[in-house]
Amino acid sequence: MAALSTSSALDMSVRIGSALLKNPIIAASGCYNRGAEYSRVTDISQYGAITLKSVTRQPRLGNEMPRTMSTPAGMLNAIGLQGPGIEYFLKADAPALAHVPTAVIASVAGFTVEEFAYVAERMDGIPNVVALELDVSCPNVDREGECFAAQPSSIAAVVAAVKKRARLPVIAKLMPNVSDLKPIAKAAQEAGADALSLINAVRGIAIDVKNALPLLANVTGGLTGPAIRPIAVHAVWEVASAVTIPLIGMGGIETGRDALEFLFAGAGAVAIGTANFRRPDVHMEVLAGIVAEMRGRGCERVTSLTGLANPRFAGSRSVEAAVARPKTHLEGAHE
Amino acid sequence: MRDERIARDARAAQYVALDVPGTFSVRLPLGIWTARDGEFSVLFQEWGDRTRRLAHLPIGEPLSCIGPLGNQFSAPSEGQRATIVAGGLGVAAFWLLARDLKAARAHTTIVLGARSKLSIVGRDELAALGFDIDICTDDGSEGFHGSVVDRVRSRPPSDVLYGCGPPGMLRALCRYANEAGVECQISMEENFGCSLGTCWGCVVPVRRGCPQGTGYPKAPREIRDYDFARVCADGTVFRASDVLWLH
Amino acid sequence: MAALSTSSALDMSVRIGSALLKNPIIAASGCYNRGAEYSRVTDISQYGAITLKSVTRQPRLGNEMPRTMSTPAGMLNAIGLQGPGIEYFLKADAPALAHVPTAVIASVAGFTVEEFAYVAERMDGIPNVVALELDVSCPNVDREGECFAAQPSSIAAVVAAVKKRARLPVIAKLMPNVSDLKPIAKAAQEAGADALSLINAVRGIAIDVKNALPLLANVTGGLTGPAIRPIAVHAVWEVASAVTIPLIGMGGIETGRDALEFLFAGAGAVAIGTANFRRPDVHMEVLAGIVAEMRGRGCERVTSLTGLANPRFAGSRSVEAAVARPKTHLEGAHE
Amino acid sequence: MRDERIARDARAAQYVALDVPGTFSVRLPLGIWTARDGEFSVLFQEWGDRTRRLAHLPIGEPLSCIGPLGNQFSAPSEGQRATIVAGGLGVAAFWLLARDLKAARAHTTIVLGARSKLSIVGRDELAALGFDIDICTDDGSEGFHGSVVDRVRSRPPSDVLYGCGPPGMLRALCRYANEAGVECQISMEENFGCSLGTCWGCVVPVRRGCPQGTGYPKAPREIRDYDFARVCADGTVFRASDVLWLH
């Protein structure tokens, strides 16, 4: 089997709803701005897509400083959704997206269901934008600050409202700070989500011991980077048994091996956030690692790697891919 | 460190972002100190994890290094008197500037401060460029007994001030410069995430209208009437008259 | 102020219900067995207390191998509560606890409320045992596998049942995998808990990419070590505003500085788990770090450090301590 | 590595637990290879994070090291013929044993296996003790073409076998020894957490009644009828007749 495809071209493309990405490596929201900065230091066209920083209805100054802090094998951030708001974004930023040399996923954040729906609708028709990601981890103004992604009913409300008004495929982004992600993921799928991203940053706090104060001005921040990778793989593993829509796995991916953990757990694509801050070429290294794995296994379509380690994987691989799935790799899986 | 391009292109107040080998951490920003003959140097202290790991690297270990990054100090107009005001390791921003000012034959004074005599860094390299260094120490163990800003106040006024050092010092320097109506450029530091301008993790408040700010409109209910600029990409150099000190 | 106490003796003692520990550094459950192994390589008497591996009603073989895995700045484990069961424990292990040169906290785990109450009751009267910790993070047999610590009502049921039958002070140990720890902590306090430990390991999964299988035989494991420290400090910070009983903070403590993060966030004591696996002297280093901080601040009682960075800290420091609390350290706290 | 006590006390199959400097990781267990004159050595390959960091440490860097840890091979009775069976880096367990067997003038054979000629390690040090080494390679590039266990089968039987190497090899060796009724001691490896016997992270299934097992009673509904022993503290050496191979 190992010889099967070593000479033939590999099919790296993946589908997120109606969007077809040339490869499954995505830049995570908030870590790539609009791509321009990284274009100076790497080849961003090798990303299957880049996700924009989340856009809100109104402009936001964001949190005071400090906003970031190094932690063991990770970082803590509390940017506070600084951004121009949808109007100014459409005027000043959206036109330049035509020049991004890969697909673009626009990220939408909001504090009410209506804000999500409004911003999502306005995102329609921007050149290069192939999907919308909903950052439902911001506190819900209508429900005493609980996040939309904390309850099945509230995430369903956001997804349903957006689906009614947006034409692009919709990705709901889940956060790990819940006791059970499965009902939340199911609610998002039932409300019409075309895919799910997981995970957003994990809540964390660091204390400045010298001054006996929280290190971040916002007190609480989001923990990201390799430190959280096992938490993120766990989230993908769990959700992969609960829904059939594609999953975009993220959280601490630094290498091809790391990305394969997510694919094998059940993700159809992966996103890289914090690791860009260390190595701007990280996406190319991750892609090369996945390609090497495919050649080693003799599989031709990247979609056939999805869920290989997870006997409860509920999603469907693309039809063409099913044949390439080596059944033997499931043998001995511990349940 | 050896890197032809960085050594050649480095401008005053620019920095590099180093990938310190080992377990994950975001890149470490360090100011470019000297730069010549295809090599450049950095000055650093063991603050925490990354600087400690850097200090313990075997000599000759290859390092991935992005740079030079950031904007730069603008040169004084002809005939202007310049004063360089450096606090502690902030001196790292000034070898390149001093070299350029020397080459431009600008009238330049260097005020260099530290906690005490033993913690003065950078003096020899700057002296080697042919400058007299005006030393200040907090404990009076050498030179002027007091802060660099006190020292600047006590000296004849300059036309342009260049500052780099701890936040308290920069704040005092800006206040002095703004009150005295003297042009002043400072190189700032913050915790960096990406070092490239994408993460918005390193902002400083600047007055609305500052060309380095984001320039997007004020939100309806936003009570703060300033803008943010990214130290990593819009700076590190800002004009004293643009920077707001909130605390 | 710095000169206040440099020459006088410091009071390092802390109270957990009726138990008085000579210092606030505790060995975390599952990481110290019964102390004997570490006695060979360090001075365990410098621990304020050691917590035993959780004991269940019946003997348990635990999970198959692999049970542990290194992760970035942490480790993943799924031991599966291997242990002798309470009868054999009382016969074979309990007598030797008389020789442990510090206080002992016994940890109890169970799959039904009755199991907790039964094991807790049997723990009564063991020499050196000063408190009981309830490891309520095991799946609840009566409620379809949800953990006791996931719901206010189920943690309250366990604590109330134990309090009725045990005479020792009771510490409930919370797990981080919930959307909001505050109601759970409150429920435990209202049910009679004398203190809370937080946090237990964070759920995580790692995949063996070579074999496309989960790396742990149990699939899911618990992530511990410095990687989770910001998550743990966040948990202490949140819970410190919700309850008045003492908190034992743990998760990734390696140094005095790390321990101070927990104390300043609102913990009255701290526990060290995984870091013992790196440096068996870690407790002495942590203790020395706290002592240095106290001397630097001129405070005489370690209890006065609790909650210093947390303006919402709701607990009470011991009466004597209140005077030593330097109000200035709260100035500038961001809320 | 220099450590008087470890070099003096180290016994065959014992290991050290190293604290690799840098970001947190649990201690790295490595077998003690040679030990003499106040120094001992280890053999390792860059498997992952800790071994990579160890390999890149500057020479002379002090390391915290706990050991020697674990039990040891028991010597053969007088006149018994012993065979050492080493697969790959498993050879690390055998320099000390070979030295002791030499000193006891025991009749000893060493079978050393590797993937291929280029990956053979430890041969020279063992040869220096005065042994002939019987080499096996998976690819036949040197010596016997096949596994070390195949080689042992093909040789005249020994009275006692000592094995260390990858799990597949140890399993095959144990099966052979148990079938042939030959005494066999193996040194095992698992992922370690604490390396000291406290965390129960490194267990192997052993038959009930094995003195190395935990010895506590079987639970009422437990279907598994074996016991667990800790490789780190009850081992690393087990008798082939005690170890169960479940997979």
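In this document, chain identifiers A, B, C and D correspond to the written order of the chains, with residue numbering beginning at 1 in each.
Throughout what follows, contacts are C-beta pairs under 8 Å (C-beta built on N, C-alpha and C of every residue); 3 or more make two chains touch, one makes a residue touch a chain.
Not measured: the values here are computed from a predicted model.
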Inset, instruction - Please identify each chain that touches chain A as well as chain B. - result: C, D
Inset, instruction - Starting from the Cα centroid of chain D, hunt down the chain whose centroid lies farthest away. - result: B
Legend entry - Averaged-CA centre spacing for the pair chain C and chain B, given as whole angstrom: 44
Inset, instruction - Give, as an integer number of Å, the spacing between the C-alpha centres of chain C and chain A. - result: 34
Legend entry - Geometric centre distance via CA averages, chain D-chain C, whole Å: 36
Inset, instruction - Any chance you could list the residues of chain B touching two or more other chains? - result: 23-24, 49
Inset, instruction - Would you pick out the residues of chain A that each touch at least 2 other chains? - result: 64, 72-74, 225-227, 252, 332
Inset, instruction - Indicate which of the five shapes (line, ring, star, complete, other) describes how the chains touch one another. - result: complete
Inset, instruction - Provide the residue numbers of chain A that touch chain D in the complex, in ascending order. - result: 72-73, 332
Legend entry - chain A contact footprint on chain C (complex, rising order): 64, 71-74, 76, 146-147, 150, 177-180, 202-209, 211-214, 216-221, 223, 225-231, 233-234, 237, 252, 257, 260-261, 264-265, 293, 308-309, 329-330, 332-335
Inset, instruction - Mind listing the chain D positions that touch chain A in their complex? - result: 23-24, 247
Inset, instruction - Note which residues of chain D are touching chain B in the complex, please. - result: 21-23, 49, 53, 56-58, 61
Inset, instruction - Using the touch rule from the top, collect the residues of chain B that touch chain A in their complex. - result: 19, 23-27, 48-50, 64, 66, 190-204, 214, 216-222, 224, 226-228, 233, 246
